[in-house]
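Presented sequentially are two complexes of chain A, the first with chain B as partner and the second with chain C.
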Partner chain A sequence: MNVTTNTAAQRLTFWEKLYLPEIVKGLVSTLKTMAKPSMTRRYPEERWEPLGSYRGRPVLVQEESGERCVACGLCSRVCPALAIEVRAAETMERDKERYPDLFEINMLRCIYCGFCEEVCPEEAIVMSKDYDIVFHSQEAAIFGKDQLLTPVARLQERLEFLRQYK
Partner chain B sequence: MDSIAQTIDAVLYWLAQPNILNILVLSVAKGGLVLNIILVIAAFLVWLERKVSAWMQYRDGPNRVGPFGLLQPLADVLKLYTKEDISPKNADKFFHRLAPVISIAIAISILCVVIPATYIYVGPEKLKFYFSVAPNVNVGMLVILALTSIGVFGVTLAGWSSNNKYSLMGGLRSSAQMISYELSMGLALIGVLMIAGSLDMNNIITSQANGKWNIFFQPLGFIIFLVASFAETNRAPFDLPEAEPELVGGYHTEYSGMKFGLFYLAEYANMATSSAVLTTLFLGGYDAPFAKELLGLQDGTLLMVLVQFGTFFAKVFALLFFFIWVRWTLPRFRYDQLMNLGWKVMLPLSLANILVTGGVMLLLKQFGIL
Partner chain C sequence: MPVITIDGVKIEAQPGKTIIEACLENGITIPHFCWHPSLSVAGNCRMCLVNVGSQKKSPEGTLEVDGEGNPVIMWMPKLQIACATPISDGMFVSTKDDKTLTAQNSVMEFILINHPLDCPICDEAGQCKLQEYAYKFSKGESRFDDIKNHKDKRVAWGPQVMFDGERCISCSRCIRFATEIANQPVLSFVQRGDHVTIETFEGTQFDSPYSMNVIDICPVGALTSIDFRFKARVWDMSFNDSVCPGCSRGCNIKVGVRDNEILRLEPRANPIVNKYWMCDAGRTTQYKWVNANRVSGSYIRSDKGLVLADADTAYTAIAKAIKQYKSDEVMIVVGGMLSNEDVYTVKKLASEVIHTNRLVVVERTDTGFADSFLRTADRNANSHGIASLGITSIKPNEIADYISKNHIKALLVLGDEIIRGDEAILSAVKSLSFFALATFNECQSTEIANVIIGSATYAESEGTYTNITDRVQHFTPAIVTKENMRIMGMKMSRLDKFGAQNDRWTQGDKRDCKQHWRIAQGIAEALGTNFGYKNSESVFDDIVKHVTGYNHMSYDALDSHLGLTLNHAQHPESLGVIYESHTLKPN
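Right, the complex of A and B next:
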């Protein structure tokens, strides 16, 4: 059944039916908005600083003694987009005997889900705050260890967030 | 300085001679000048439209190319030129090519009867040097009405020749819309013509001299004409021919590259011409009420002409801003609402306007005021 209600409150008044006063109201509203400051962030000059909870480009944590990663390969295993490739190698020089001699993340494949970070037993791979990730070729999109290793001091905020909520 | 002024005076004097050759040279020169002015204004309007829309939506608008993004239109045109010019396989190639040319040509040619300023005296015989391309057309207003009617062809042909149902819909909508609004536009005009007693643009302007602008005597006529010119230029809230949520892009769906650019330019050129016509008819044209009394300027002097140019362009730009302002305030009409407004509201109102104007004029004549 097609029920239409048409109460006195829903009916337009004479002035509303005339359109013109309502149009003028709208025009005044837009003119007022013109005088207000814009909300645009002028991006390359003015950058947004994300909070610790932000999932940006995944990076490897580097301490003074060396990288944390022990090349267990869990991140590579859990990655739903198959973006991570790890090749383990052995060393006697440090207390950790295994280290990745190749660690690559294909940034064209990464979906920023953060599973690698969640699964990592050593807290060695974490999501950083980098959000402008650009490259000119497919080859350049594969980030190696040189691009992934980040000093631990720059990741403090994310590590604290993980300790609190993970 | 004096020698330069003398040379200019001599050149203008030569151009103002009433010979066939001089008239030909002068008309071509003025035509070229008008063409360039309108293209610059259209480019500026594109920038203004984007800036104003941005300000009304808490944005910045183009601000990268040149100071305040002023060179953005130039970059846009460069982009359009370098884009591939595609025409559909089943399109009627000749008309597909012709349609944008008609659109832009009509929009610009209307301006030749518009009078931005009167004349200056040149040479020893005080010959009048006129500033509009066709200064003394005694049916000026009819020329404008006739040309705007031809403007429909550009849009309709574009829609038809593209061989695309969305384009055809847009083209048909536009022809229906323009024809129904032309009627009330023409009728709204009659009040003004009754007051001026002439179709000549000069007489229409002089009848409004010293602040007796038609907008004060014909407010209803002004509103009807304004709304109708929104519909004629296919601007929001009457932009149904290109309604992008329903018709992709309407009549210019199948256009790319500079052919699309011409349509884009024609829209803004049309806006400029409508504003110029509105200024002439209802806002007193180049009439600045204070110029003669306060500044003591005489007709035919260079300073007077400059003041006239200034007033004319100030009025035109105020109207152009209004066009943009309305576009970013009001939502688009539905098709049946558009037709309702055109035939059931505007047409009776404009007829009533003629009746009231005639009645009042008759009364005033009876009492010997007019």
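Right, the complex of A and C next:
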């Protein structure tokens, strides 16, 4: 018969066997933490604001005269996940003769690597701070120009970051 | 023959050749922009500067060698342009020494001084000679920090060609092409120095039927096609080898496809047929009818109108109808755009299964289209091939008579629109009891035909055309259909290869259209005879076996010799070295 002696429970002292001191220690720790400022937040009412270096979903920069993008297709070429589709068109009205007639990013394919932003010769596609990207169907995951165009004022922080470190 | 030494390699060349030509023939490429084997030598880009010299001679007249036995070379004090320096026996050429490399870098730096950094919006990017050389022969540094010259960026030279003055590097290839090949000398340099640009003469425009070839030979993106401008980046397209079906010349072409839609056609060099050129009409018209207004699937006309059916049902319907008539009451018309494989199978269907000899092709002659260069009056791409397979031709105005005189009851048309607004033919066709049609596009015939089957165009099928000089040329599919989905070796772009169900860029129209030989085989099978052809190549092998003139041919032989002439397959013409100025790599 295999009888185990000298187990951890057998080695406990009297005070340890009482458990009370350990419970008090735990309660002290809880009370200490209660007094500290809270680390969690009430998402989505309270949102975290990332820094300029954060790579959220890619967006197109929109200026007053229209989008910066000239539809060169380099982002589409460099994209390792083939998430981007660009189709160009010609215009006589603006000073840039070429603009994207269609610009779509399939957010199911996007891996947030930021290559598109890095390759862009016009600084027209940048990573935004958006991190909560939700959709209910595969079709809705394909973001068109209407969802991608973002006013340049809202992207200042990222553009400054790029100028400094890119 | 003179022997010259290039970078230590001795090569033999024809007397009178220039250094660049001698090098090209021996597989050495000297960088160049303005030189083109089909154009005269201008020598103005200075990119082909090389070090040229000869062995030193002693006063006694013997050639001097140094202590180790190497020749002592007296280099010319200045570099010479390889495109305009004729070779001479005993010449030494160096293309890799420091002096030449420095010159190449300097020329690149000089050319790039006023070249805008337009690459992102330039259609040439990806297949640009200047981009390629900037990587290969330039250090990529510029000491120029002034403001670049500004010139006109969008000047239409004619209906097809758009000129961008800033991108132009003044190589004059287009000027020489217009003068020497297109015979329309309307282009000229104007201004001087860094303000130099190219203009058409007052009151003229560059509207030659061959004008768009300047777009291909332009080493940069200064000349763009108005028809194609900004449609796609070259690396997003796939380019499959084909043959232009516009006339019986059979210019070799490449078909540029993105998202299963043809976006442009461009010439493929073939020294015997079309050299480096093709006509604008072929380029701008021969893809549009492939993209739009197509018949996809098979239809049978009933009381309720046209009903979509599967192909086998359509074949059975045709077979059932044909069986009701005597064999010489059945007439078959093949289109001039059908390949040899198609026509051979249709002929087999007519002679061995239906037993009718009423198999004709309609002549399509347009004398206004012909010229003395490439364009021919015979608009049937494969008229010589069809004739070589023993099919008689009739003129369009004889169709109505043919139907009424021979008491035709059933008509089967493959790959042609015979009505074309002609009242006499229309009433003749309406008088028939049965009219079956295999066609590419919606047309007048599709409105009245009893059975309609969508058929594959040249861009969707594999086959051979025999051109006006009896040269048999192989073409391959460029567009995916439901039938050719699995043809191996079809070049596909990156987008095509990796597209998935939920990508919108792969949702291009995959049509349900069949090659004509498959339709003919299907009808024969419905009539109880199985030809047993598996693919176009098996049909062609059968032609090679049974039709004299095609002996010793095969798809592989046709590909490697860029076509073979009827009856002379054993003695292929020498192609020489095929020059390629600049193209998308790899392709």
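To be clear about the criterion, the second predicted complex is superposed on the first by the 128 of 166 C-alpha atoms of A that agree within 3 Å, B and C clash if a C-alpha of one lies under 4 Å from a C-alpha of the other, contacts with A are read in each partner's own complex, and residues count from 1 in each chain.
We take it that a contact is a pair of C-beta atoms (placed from the backbone, for glycine too) under 8 Å apart; a residue touches a chain by one contact, two chains touch by 3 or more.
Quick caveat: nothing in here was measured; it's all calculated off a predicted structure.
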Between chain B (first) and chain C (second), which does A:40 come into contact with in this model arrangement: first, second, both, or neither?
first
Figure out whether A:55 sits in contact with chain B (first) or chain C (second), or with both, or with neither.
neither
Which partner does A:73 contact after superposing on A: first (chain B), second (chain C), both, neither?
second
Regarding the shared-chain residue A:30, is it in contact with chain B (first), chain C (second), both, or neither?
first
Which of the two partners, first being chain B and second being chain C, lies in contact with A:104: first, second, both, or neither?
second
Of chain B and chain C, the chain that contacts the larger number of chain A residues:
C
Listed in rising order, chain A residues that touch chain C in their complex are 70-74, 76-77, 82, 85, 87-90, 96-98, 104, 106, 108-109, 121-122, 138-139, 141-142
Any idea which chain A residues touch chain B in the complex?
20, 23, 26-27, 29-31, 33-34, 36-40, 42
The chain B residues in contact with chain A across the complex are 52, 54-60, 63, 223, 325-326, 328-330
Under the touch definition given earlier, write down the residues of chain C that touch chain A in their complex.
119-121, 125, 153-154, 229-233, 235-236, 494-495, 498-499, 502-505
